[in-house]
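A short worksheet on the structure shown next.
Naming follows writing order (A, B, C and D), and every chain is counted from residue 1.
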Amino acid sequence: MLNIGMIGAGRIGRVHAESITCHVKDARVKAIADPSFTDEGRQWARSLGIDEVYTDFHEILKDASIDAVLICSSTDTHADIAIEAIHAHKHIFCEKPVSQSLSKIRETANALSHSDVKFQVGFNRRFDHNFEAVRSAIDAGKIGDIHIVKITSRDPDAPPLEYARVSGGLFLDMTIHDFDMARYLTGSDVVEVSAYGAALVEPALRDIGDIDTAIITLKLANGALAVIDNSRRAAYGYDQRAEVFGSKGQVSIANDSASSAVISTVEGITGEKPLYFFLERYMASFSREISLFVQAIVKDTEVPVNINDGLQPVLIAKAAQRSLMEHRPVMISEIDY
Amino acid sequence: MLNIGMIGAGRIGRVHAESITCHVKDARVKAIADPSFTDEGRQWARSLGIDEVYTDFHEILKDASIDAVLICSSTDTHADIAIEAIHAHKHIFCEKPVSQSLSKIRETANALSHSDVKFQVGFNRRFDHNFEAVRSAIDAGKIGDIHIVKITSRDPDAPPLEYARVSGGLFLDMTIHDFDMARYLTGSDVVEVSAYGAALVEPALRDIGDIDTAIITLKLANGALAVIDNSRRAAYGYDQRAEVFGSKGQVSIANDSASSAVISTVEGITGEKPLYFFLERYMASFSREISLFVQAIVKDTEVPVNINDGLQPVLIAKAAQRSLMEHRPVMISEIDY
Amino acid sequence: MLNIGMIGAGRIGRVHAESITCHVKDARVKAIADPSFTDEGRQWARSLGIDEVYTDFHEILKDASIDAVLICSSTDTHADIAIEAIHAHKHIFCEKPVSQSLSKIRETANALSHSDVKFQVGFNRRFDHNFEAVRSAIDAGKIGDIHIVKITSRDPDAPPLEYARVSGGLFLDMTIHDFDMARYLTGSDVVEVSAYGAALVEPALRDIGDIDTAIITLKLANGALAVIDNSRRAAYGYDQRAEVFGSKGQVSIANDSASSAVISTVEGITGEKPLYFFLERYMASFSREISLFVQAIVKDTEVPVNINDGLQPVLIAKAAQRSLMEHRPVMISEIDY
Amino acid sequence: MLNIGMIGAGRIGRVHAESITCHVKDARVKAIADPSFTDEGRQWARSLGIDEVYTDFHEILKDASIDAVLICSSTDTHADIAIEAIHAHKHIFCEKPVSQSLSKIRETANALSHSDVKFQVGFNRRFDHNFEAVRSAIDAGKIGDIHIVKITSRDPDAPPLEYARVSGGLFLDMTIHDFDMARYLTGSDVVEVSAYGAALVEPALRDIGDIDTAIITLKLANGALAVIDNSRRAAYGYDQRAEVFGSKGQVSIANDSASSAVISTVEGITGEKPLYFFLERYMASFSREISLFVQAIVKDTEVPVNINDGLQPVLIAKAAQRSLMEHRPVMISEIDY
């Protein structure tokens, strides 16, 4: 039974803690640290049977009985905490992105290279039933060599401007999942990016140099082409689809909805909208990624999403930003790392 | 080039005449007879290049150059005209039903048995792309032995009461197509019928002993069970579906609509309703049935829907009527023929 | 916090215990009783934090701190245990069917009528996301007055003959869920049944007087007609669909599958089969029914599936059996209760 | 009754002639000219009732009774014939593209500007039921302001290399329809193009400077972004889809197939592949475009696809070619016209 320490008890931290308690074998949450624990938070922890609740995550790193930590704190703290945890010999599950700063990722990677700590990045969509089915079909050779990848990723609604201001921009905040997905589905690295974007949903984003609508074309190392389309607001809900086309055919996935009910009336034939909230849509993927992290430790195997998988989407996002600014295709190799 | 004489220039007669002109190889319409030809009708005939227009169908039977007739007159005249046409050695395509009277069908069958005239009944749905695909899957052994057949047949709207009064009732007027479909899809005869019905759409039908909603269970000679559900009014349009379930799986068909467009908004995910009008929905089947009739003559092969195929659905309809009245399952063999 | 005692720790008992631990608010499993507890079973109980493990369910009934029991023992023991639990003033969630014996159900109902114990029957499908969506659409008036109900319920594979021998037959063992569904979806009682059946999947069933394929027509008190089709073996998996057609339109549901992935190749356009296993298909409904049971106790409201809801499907099943044997429609009122 | 002269009796010319005969009101084919008429061709013409068959199209231009011509000859002759026809005061339906040469298009446009001849370009997909439904939804305001357009256009198989050699390349030969579609669906002009391409299907194309796989991003005058993905070979058939996403939602279309039949077996749930052949897929659009051309003449209204609609896709294709070669986004205004 692995002892896990949670660092960060915000929304995603709680999701993981609840997953571990109910769905993850061979692991339990021993302690949770959050700098701003409230009474409500402490009560929530107790309801899960977690008695050790700290405001300082160092308490967790000091506890020799803790095997692994889940870093679910704010993005800007991920890398520093990770480096401390590496030095404390704790295995690490780190929420995405590892950092928006390439130098911070490099520091983390360096620290890892001198340790035998397992480090998994929280690209949960890789463990979603639909996206996994796409990858399985590809791995099984069903579609042959990959020629074209299409990823649609649209949020149900735009975040507040204050959030956008500190988010790092659309590519680092939102598209980063899609950059990872392009790599995951194809098993190939991205070599070049060409980005188009506009602020069509929320024109005020222009003033802070951000966009809400984008089409990004990727050239992959294996010769395939990929295209991602993003919007910050899909009136019908959270739109998460992909199709991969190859020499033998295509595999595609549709959105999930709350039920398969279809109502036929004089107005038309109407089905349900996609699940609106990302936590609802991807809930099962969160427990699955943690289960695989725990299994990688227990069985001493490779983690499914490593530090390079954490680095590459950030590099792609930086290249996409430069492409948008300089109005030209940008090679990943142009980005200093 | 086969010379065809049309008997009856109503709605379905015109459909056939236009099909022959545009879509049927090896045949042309040489003459048309209709007791109530108007100027508009004559003009329509001319626009198709048909110069011989009669009010008396005997003109057609007398024309030695005419090889075949299409009987598209009112139902009560089908059998008598057919018998005359048999004596005139014309091949016959007869709209369904051959007759609502079993004795008239028997007379026709007797006349046929002493001639070498081809006689095809107009169960056009057998030649619809969807229903043909079901039959093809069955013939290809895709679903194994047939266990369960389900046919949904619902009209977009109820006919006027005056029509209902002379229609012969739901089973003879509407379900007769579904009785034929059960036989066509399974390649097996019906041995027993159990019918439930109600007047839920148009309560006034009760007064004339008719119904508008029905569920009819059929026992087939091959051991399979079939169920048909009917309604005279589907708010969303003409609903024409079937599924056949067997030892190896199932084949099912959905409705056709005017386009595949799906609109996703905050209201839901909405596709188009089924095609509303039976002529639009089944248009291609009409030219296909006539083409096959012409080919059967030209190549001297069996017609795809023979006089027994015309008889059986009428027998089943009569048994269904008795089942409904006597509130019990009725064997087809109980119906005097 | 409600204290629950589990009676029976077989497959479904464990599902409920795990649900309560992870998904049901305001309740915990305090004790479990099963006459044949093994070491493995005791270990499983401990893993859920349940320390009180008995072989005799009377230990649970004697525990004054226990508010409610879940009866998940073998069907033939349900009613007797329920009656004892009523006398012990425990609220009861009883797996379906309450009993295959109508007199046992009557005894249970009598005992209940003299107590204020809550009694809920485990017709879990009522709490499935798809079936709930059908009911919601109906309740919202989307389809108007109900005219036709169609329920398809096909198992992925036939049970062993030994099981069939003691199962009570297809109608009591399998169709009983569909009989309940017809009542749930329409909010109306069944007044008459007409059943057709055959042993097409497993001919040996004939020797024990059972069937594996059936079409059952129901007449409902509100005038609507319903039809259920069953098979013990659908090659493509567990087939659980329904459609309800009414004066304003139709609502229908499709099967759930493991992913929405569709693979397009030269062979065709292929999606995933339905979820194969009923526990996987209906997992969420099990925790939902227990949550609602707990809420009914906590808030002292009506349970969503009461003793009459437990009785009616058994009556319908008995009528269906008689209809099949006597080859005629049978009124529910003909069944002695 | 409009008299039409057909210039060119190849595949598409015959499609139009047959359409006019069977489906186009107010028009008839009076004469056909083709430089390489065979006996078979003459016989085909006679079967449609067309007696005037020429090898020299000037015979048609000289015939004062002919109101309009359909130019269906080889692409390199379109513009020159069109200019002669303009001088002969014939209304013109010209197959796409008007020319691969911008100067030829300019000459044609100039000739038109000094005449009152109607000139329609054969972008038939605008008149396809699915694409029209997308446009209708947009026009009805269903999806609000357009943000993202996605067009998938994949051929079932690559043409022979000899064809590719003279085709003008993927963008002029194949994508030109999609460039037109982006303009048609959005009602907006394209201002910039960024193209990625590769020869993944047929590597030999590289030697002749062509590609078979492409992703092309378009920036539209109204601020929307569009992306087209092309392949010369989709194993599962002709893939013709589009989706348009806007401030209020999305409209999308799927492929058409021969039937709606879905077969469920142990192998999966399998539907039919898309219609394979473009003539089958788009047949109805061909008669519809000619009907609208005829109506524009008869009623003296604007043609639905004018000379500028013929020009713009050629400009976009040229810009796409330059983008691919120079590896940068290219403005339409950079293309000399």
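Quick note on the criterion: contacts are C-beta pairs under 8 Å (C-beta built on N, C-alpha and C of every residue); 3 or more make two chains touch, one makes a residue touch a chain.
Note that the coordinates shown come from a computational prediction; the quantities given were computed from them, not determined experimentally.
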Pair with more cross-chain C-beta pairs in contact, given A-C and A-B: A-C
Identity of the chain that, by mean CA position, is farthest from chain C: D
Centre-to-centre distance between chain C and chain A (centres being mean Cα positions), rounded to whole Å: 39
Rounded Å distance between chain A and chain D, as computed from the means of their C-alpha atoms: 42
Chain centre separation in whole Å, for chain B relative to chain A (CA means): 58
Residue list for chain A, restricted to those that touch at least two other chains: 234-236, 248-250, 264-266, 272
List of chain D residues in touch with chain C within their complex: 234-236, 257, 264-273
Complex contact set, residues of chain C against chain A: 21-23, 49, 129-130, 132-134, 136-137, 142-143, 248-256, 258-266, 272
In the complex, chain A residues that touch chain D: 144-145, 147-148, 150, 152, 154, 194, 196, 198, 200-201, 213-215, 217, 219, 223-227, 229, 231, 233-236, 239, 245, 247-250, 327-329
